[in-house]
Structures are given as C-alpha cells and as structure tokens.
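Encoded as structure tokens, here's the structure I'll be asking about.
Per-chain numbering from 1; labels A, B, C and D assigned in written order.
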Amino acid sequence: MPDFTTQEVMVTTAARMLRDGEVVFVGIGIPNLAVNLARRTRCPNLVLIYESGAIGARPSRLPLSIGDSVLVTGALGVCSMPETFQYYLQRGLIDVGFLGGAQVDRFGNLNTTVIGDYHRPKARLPGSGGACEIAALARRVLIVMNHKLRSFPERVDFITSPGYLDGGNARQRLGLPGGGPAAVITDLGVLRFAPDTREMVLESLHPGATLEQVQENTGWKLHVASPLRTTESPTDEELHVLREELIPPGGAR
Amino acid sequence: MSKLATMKEAMSRFVCDGDTVAMEGFTHLIPFAAAHELIRQRRRNLTLVRLTPDLIFDQMVAAGCARKLIFSWAGNPGVGPLHAVRRALEQQQPAPLEFEEYSHFGLALRFQAAAANVPFLPTRNFAGSDLVRVNPNVKPVTCPHTGEELWSVPALAPDVAILHAQRADEDGNTQVWGLVGVHKEVAFAARRVVVIVEEIVSQELIRRDPNRTLIPGFRVDAVVCEPFGAHPSYVQGYYDRDNEFYVRWDEISRVPQSLAAYLDKWVYGVADRQEYCRRVGDALERLRGRPVLCEPVNYGY
Amino acid sequence: MSKLATMKEAMSRFVCDGDTVAMEGFTHLIPFAAAHELIRQRRRNLTLVRLTPDLIFDQMVAAGCARKLIFSWAGNPGVGPLHAVRRALEQQQPAPLEFEEYSHFGLALRFQAAAANVPFLPTRNFAGSDLVRVNPNVKPVTCPHTGEELWSVPALAPDVAILHAQRADEDGNTQVWGLVGVHKEVAFAARRVVVIVEEIVSQELIRRDPNRTLIPGFRVDAVVCEPFGAHPSYVQGYYDRDNEFYVRWDEISRVPQSLAAYLDKWVYGVADRQEYCRRVGDALERLRGRPVLCEPVNYGY
Amino acid sequence: MPDFTTQEVMVTTAARMLRDGEVVFVGIGIPNLAVNLARRTRCPNLVLIYESGAIGARPSRLPLSIGDSVLVTGALGVCSMPETFQYYLQRGLIDVGFLGGAQVDRFGNLNTTVIGDYHRPKARLPGSGGACEIAALARRVLIVMNHKLRSFPERVDFITSPGYLDGGNARQRLGLPGGGPAAVITDLGVLRFAPDTREMVLESLHPGATLEQVQENTGWKLHVASPLRTTESPTDEELHVLREELIPPGGAR
C-alpha cells in the first residue's frame, strides 16, 4: 500500500497543473489545498482569487467557505462581486478556474443544477453559483470530482457550466471566450480532452486504480491514451507541506 | 435627519406583504435578525432575492414568508443542501415555491443594471448553458458597434433592500469593509433601503474616512442598531461565523418537525434579537476575534 | 515579484510611439512627472486620452507628442481655456490635432466597458445633444427586454494606462484614497499599466487594509516611486494643488514662445523629477498640508 | 444704490430655488455659493454632490475646482465617477443640477462646445464635461449665466446640453429622463420656461435692471411675464452668511 491517500494524489496532481504567476479562481476543499500546495512549492507567485472578492488571500486556517472571514484578513485586496465577474473573469484575467459537480459528461459539461427534469427534478441541486461564468470565461478549467457511474453520464441532465458542449469547435461557434476544461482529476485517475473531438480521454491511473474501475464508473465507452500512464505519486516534500503546513494535525479539513 | 428605528418599526414600516425583498451579504453580513423579525411579523407572499439563499431564506421559506425565490446558489456553504428550500422545490412542501435562477454573475448584473437605471446590461457569459433555455430573462443582444452577439439580463429593482453593515451614523451614512458582495448595487437598485448595523457611530467618525462609505445616508430609509444582528453569519472585525450552527442546521432542517421546533424556540419564542442573544449566551462572545487593526491614512490637504 | 522601475525605464519600456495612452486622475493624481519624461523621450503620434486634458495634455500637445486627443472637458479647471490645445484645434498650430469628444459620463463608460470586456455599454444619456451628431461612436441600442431606445458607447481599451496613486508595494498592489475618478476602470481597461506612487510601502501595510487596494499587483507592469510626481496637481494626504501654477499657466501658455521657454526650463532642462523638485524648491514643501488621519478599522475575525 | 452686489442677488435667488433635503449636483462659483448659503439658512439637510465623486462635502474654504482636495477632507463619502454618473445621476437621485455656458437659447439649450461651425470653429470651448448628463438626467436644472447678447442667441451654435430642444414635449419624445431647465438666473433677472411651449419667459428683474437692458441683451423677442416682478433682494441674514461665513474677508472667491 502507498503511504499517501487518494485525496493527496488528487491534490498534488491538481497542484502540478498550475504554472507560477498564474491567477487562479479558487474554491474550497481539494482546489484550495492544491493551490496553496502549489504556492508553497513550485509557484510562489500564484495569485489566489475567490469569487467572493478576496484577492491574494493568505488564510491562517483552511477556509470553510469561499466567503470565509480568514480570506479577508491579510488579503492583498477586496473587490465587489460585480467587479470580480466583470473586471477579472470576463476581462480574461483568470488563468485557471476549478470546478466540480454532480455530473460531468464526455465533453466536460458540468451539472450542478438538477438530476432529472428541470421542472420536475428527482433531485434539486444548489445551482450555478459562479460555476457557469468560470466555465465560460476562465482561460482554462480544472475539474475535480470523485469517479462514480452516476457522476459520469454520457450526457448531463442539465448543462449548468459549459464544457465542450457537443464537442469539436462548439465553444468557438458559440463565442465562448474561455478555453474550456483542460483536465478532469478524479479519485481514480486523470482525464484530458482530445484536441479535435474534445472528448474525454483517460490519460493516467492513480497508483492502485485499474482501468476496469474507471470504465465501470464511466457512463460511456471511454477513450484511453496509449500508453496509459500511472499518475506520479506525491513527493515527500509535497506530502510534508500538505500534512504539516496546510492540514496541521487537528486542523480543519 | 435621524433615521434610527427599532427592528420592529423598520420591518413593519418598510416591508409589505407581496414585496420583492433583497437581503444580501455574501456569507458575510447576512441580515438574520431582520429575517427573524419578518417571520415573527408573519410577512407573506414575499419574492425573496439573494445570490445565496443560505440559512436565512431556508428559514423564511419554512416559515411560509415566501411566494417566490430568485437566486443563483442554493446551498448551505461548506456543509450541504438547504433542506427547506429543497422540500419546497422538489415536493412543494409546505407550499409550492416559484423560483427564478441565475448564475452569480447574472444576478449580480441584474442588480447593477437597476442601480444604474438601465433596463439591461450585456455579458459574455451564458453561451452554451441550459440556464438560457430555462430562464427567458436571459436574452441575446447584438452590439451596435461590433455586431457581436452577447447575452443580457434585465434590471432587477427590489421594492426593499435589507443590508447589514459594520457601522453607520444616525442619518444612514453606512461604512462596510471586508467582503462587500453586491451591497452597493442592491442599495442603489432598491426603492427602499433598510440598513442594520453593529454600531451607530458619530457622523464625525464617518467623515474622517469618506472612502469607506458604501451607502450614502440619503439612499437609506431606516437604520437599525442591532449588535450580533448577522449571527450566525459573520461581521468582519466584530464576530466570526458560527460555523457549528451552520453544521447543526443540516440536522435541524432535515425534517420539518425539528425545523419548526427551532423556529418556535429561536424566532417565535423570543421578542427580539436581544432576547435571542441572551439565549445564545456566551457562545456569542466566543465568536469575537482578536483585533487586527489597519493603519490610518491621511486625508489632509 | 518586484516591478519597481525608474520613470525613464518605465516610460521607454511601456509607452511606444503611436500608442493610445490614458493618463487619468480627475484634478487629483495627475501624472505630470510621467508626461514630462515622455516629452523628454520625444514620444510621438500618441493618442492621448483623459476626461480632462488639463495642463498635462496642454504641455504634451505643445511638445508635439500627440496625434489625437480623446477627451470630455478641455479647460484649465477654475482658471480658463487650455491655450495650446485650442491653438491646435482652432489653428492647427504647431500641427493639426485629431480629436474625439464625449461627455464625462460617455468617456467614463467607454473605459468601464473595456474594463468589463464588453464591446459596449448602454446609457440614458445623450438624447438631444449634438454630441451624437458629431461623434459616430455614440450609437443607439434597443433594450432586448423592454424595447426601450437607449444610446451606447463602444469600449475603449488603451495600449497603456499611466496612473498616479498614494502608495503601492513593490509588486504593484496599489492603494488610493480621496477622489478615485476612473482610475480602476482605466487600470482594468488598458493592456499595460504603469503606476506612479508617492511612496513604496511594505506588502504587510497593504495587507492590513485590503479594501483600500484599488489595483491588484498582477494588473501592473511597472511601479515608479516618484515623490511629488503629480505636481502641480495634488495627492490627498501628501500635498495640495499648486493653484498658483495653474493660474500662472494661463500666462505661460498664452503664446507659443513662453510655453516653449517653460518646456525648455522645466522639462527638457531637467534630467528627472528630482531635479524638477529641487528647482521648484521650498514652494513644494509649502504645499504639504496638515495631517488629517482617519480612524483604523478592525479586520479581525 | 442697493447695498448688495449683483452676484449676491444671483446667489440668493438661486439659493431660494432649493428645497430642504434635496440632493444637489454642485459646480464652483455662484452655484457653490448658492448651495452653501441655502444649507446654512433654509435647507440644513441639503446634500451636496460634486461630479468628481465627493458626497456631502464640508469644504473649509471655497473650492477652486470641482475636484478640489477640500471637498474630500471631512466629506460623507467618495465614489468613483462611473458610480456618480450611473448610480446617482442616471438613477434619478439628483434633484437639482446647476449649469452655465457660453450660449443659452430660447428653449434653454446650452452650448459649451464651439462658437461657429463644429469642424471650423470661430472659438473652441471646453466641451461638455458632466454638463450633457446633468441636463439629460437631473430632475431639474438651474442655469446661471451673465446676460449678454452673444450669450443669448435664438439658437445655440451647438447643443452640448439639451434644454427643451425645439420646445413643447420634445424632451419626452426623445425619452430624456430629467425634467429640464427650471429657471435661468442672470445678472439682470430671472427667466422661466412656459409650461406649454417651453420657451423662456422673463419672470423678474433684479433691483436696478430694466426690461430694455434685458431685451437688448437677448437674441430674440423675449416673452415677459405680467406682472413683471422685481427679484426679491437678499435679506440681511443671507448677506451676513454670504459675506461672513462663505466669503470670509480676504477669502478666495
């Protein structure tokens, strides 16, 4: 057994997809850990922005929500939400946005709105929040989700946040400014999108995960890269920062 | 001219049955004390507007105040779903609830349009999202200069805005710091504005830092001084979010009975926010943080 | 990462001949030191953009830096006309000057549209004004929601914005108080941003008052520390406007000869703003006002 | 000879046209004096806003421009210019705006742009500044100018700031939200606009001024109210405030 958890693999994998100096729209949970890990390792100049308007936050504890008070104390700046969405996101200043959802489909479209019919839902979910605009306007999007069959249908019940829609150049045809999803990081592996069809392709399996597991938990016949790599394990340094600095023993998760 | 009022006066005078009521504050500055007073006054058929309905609207919906919800993210932040809102939307329990749904950007832009008194504003958002399919208020617009196709949302001018803030003077000149969300846009979008503050300060103090003023007094109809009026949400520099309560609400709200019991004890069962605070007791004081003061700046000439 | 630069470096690196250059600041924070450096570097064919061309553009036009002027009020505030700009517009002296004219609202809205990255924004202004007759950039637009006819202006994204402020850290996180004009909109509208400040402060100081930050560092290409860099305009809390100079400029600029003599002595005749300040001498210190400090606020939790 | 100046009559006349509690867009010079006089006498709750963004200013000396530093120190608030124009003026929150200009015509249209042809001007003037939007969007406008023949042509060379355009209901037809000019206060008298035609009507003459003077300095056959009143003289209280508080002996004008 490896001496690290699946969440730690997801966090380090996401962290490695960030480049120094990038401006990142952060959520809580794994994205928050990934961005803070990257900032403390390879990307000291990463700029963290929360859709709540906190810029360059330096949280002294893990934020419990994107509007947490710790994101303001000691931040570089605060701006109103209309400014966040217009002057930052729509202006094209956000390099990376993190998204997740109840469902993601083969073209990276995300659903956080309803399961079933919109007007007679089986389950009513929270809705878009800032997800729709992050998907539409961020230069690239990283999707972080657990890999379950019900979460990976061939087609989402509702497109809250546009991925590549029907694939190909559908985004460009609709004039979506953002680049769309760059990768999907699950608890089983990493998936990217084929440059032409924009369909999801399994790129690597996390240590211990199998292709069968992934296919069983995916609602369509999944394309697989060859060779299918194994996701790089977290380094000792990454694990140290993660365990000692970001999630201090007894610290909130 | 002083606009000081008690919460009872302000809510009964400025919020009418059937009104469209925006009660904003993004995680920060959520006006719970005002919501509890509206529940006690049994206000009905309200159209409730917030980016994040949060526990405040979960409680008002359960209490039967709402006819319709306009929102963009209906969850318990960092905890889970809003059970009362879900029951209303999924099972029409206790009553059917109309709703109109946007993204945060879309709803914020509706407030901004109303604040600027233009009937619409354009955006590059929404293309490809099913939100435009289910919400006829998101319409295409063509740029008269470039011919580009964009999307647009219409102005949303609430009958009344209810906004919590750190401090104001008696005339209603209101200062806010920390997350400001859409406070300014809502204050200018609404027909009537009620501000609830942690403390009333002298106009001299306001005048010593004019750039800190978010809402000018002449836009404000009533100012209510209600310490801890945003609990269980937070007020930067005054008290932190009562996260234990947000977690506990998941339990409380899971079934109508326990939610009703909560309202009986903590809303109907108290006369006002002061009694609520006495009942919460020391837990409130434990939410007060250590002071982290900024440096003064020089406004001299 | 530090973006500190000297004025010479910043102007030569980030302002090219032929650029569209916005140098904003409404009476307050006018970047005169940057203008003088651009004149010394003999930058040419610039499209100069300001709501109020003020003395700063009167000097740049007289020095031959400008091909075109985009503005909304071309006068010497509280004194009279801008003689050099008038000579260029009325008699094409020393050279013809193209121009494009708005109202303050119209030009501010062009910056806001570019900051928000939308190709246009709508307004209820302009109906009945001959400005729409002489400026084809003001076009009608129909609201897709109400059918109302409004007017609209296109986005204006300058190649570079040059903005003076009270203070910034080395990374360019910039704080401003007092009149903010269109500083924020221009900073987000422009492709490149140069900030000139009265003092460089520690990032810790910036972080102690995040609501005071107007421009985030990652939007800034260069930060120049230039005390008295806005003289003869003013910087709230640092020094007041040199009104005697504004009055004297009316004389100086009335004929090309005396204006040329001014440029020879005060612009071409000095190496940089420091030498300019030494030459102005004690008069500068007399512009320093008495301190009027605000009260600190609490950012704790 | 009366013991007050023409400017003092203009200031007190303008001040009396303000109502307590109104929100006023202020300029410098006579409008600034009028608003501050009103605030110190009949209208303690007047709210002063300068287009520079200073709200509730309490200047310790007469401001030399609308962007003067004294308008900020001790003000109630400061807002950006896009906010001033959109959230205050366009929102309909400004009750009164003061305007002047090089030319005003029989329908209250103002010119601050050019004398002569726009593209080959005899004289190039400063332009609109905030005047166009004040004329379009303020609930009512008060015009303050000296009464000279060249300043009162039948038709302005250029409409910078719309008054009643061609008269009648032209403003409504164009959908202008503001109410238009309520009065013109000159150094000779006070003129208002006929409710139906919206043409300028001489309502009162200042003490010492004659109808002949006014007509000689007006570029069209002026309608005159009957009875033609005499403008009320400044009261001792008004003169005291004006001379002792607003223009302290030796104070800037």
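Note that a contact is a pair of C-beta atoms (placed from the backbone, for glycine too) under 8 Å apart; a residue touches a chain by one contact, two chains touch by 3 or more.
Keep in mind the model is a prediction, meaning the values are calculated, not measured.
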- request: Could you name all chains that are in contact with chain B and with chain D at the same time?
  value: C
Between A-C and A-B, the pair joined by more C-beta contacts: A-B
- request: Could you put a whole-Å number on the gap between the CA centroids of chain B and chain C?
  value: 37
Field: Geometric centre distance via CA averages, chain D-chain C, whole Å
entry: 28
- prompt: Using the average of all C-alpha atoms in each chain as its centre, how far is it in Å between chain A and chain C?
  reply: 40
Task: For chain D, jot down the residues that touch at least 2 other chains.
output: 54, 69, 72-74, 78, 86, 90, 177
- request: Among the residues of chain B, pick out those that touch two or more other chains and give their numbers.
  value: 117-118, 123-124, 148, 177-178, 180, 184, 208, 211, 234, 236, 240, 289, 292, 299-301
Message: Edges wherever two chains touch, nodes for the chains themselves; is that graph a line, a ring, a star, complete, or other here?
response: other
Query: Can you name every chain pair that touches?
result: A-B, A-C, B-C, B-D, C-D
Query: Residues of chain A touching chain C in their complex?
result: 21, 23, 45, 47, 54-56, 58, 69-70, 72-78, 83, 86-87, 90-93, 177
Message: Show me the residue ranges of chain B that touch chain D in the complex, using the header's touch definition.
response: 1, 115-118, 173, 184, 188, 203, 206-208, 210-211, 213, 216-219, 299-301
Parts of chain A lying in touch with chain B, wherever the complex brings them together: 28, 51-54, 64-69, 71-74, 78-82, 85-86, 89-90, 113, 118, 121, 123-133, 135-137, 158-162, 165, 170-171, 174-177
Message: Going by the contact rule set out above, which residues of chain C touch chain B in the complex?
response: 117-124, 137, 139-141, 143-146, 148, 150, 152, 154, 166, 175, 177-178, 180, 205, 208-209, 211-212, 234, 236-238, 240, 289-301
Task: Would you mind writing out the residues of chain C in touch with chain D in their complex?
output: 26-28, 51-52, 71-75, 77-78, 81-82, 86, 89-90, 101-106, 108-109, 111-112, 123-131, 134, 148-149, 177-185, 234, 236, 240-241, 243, 289, 292
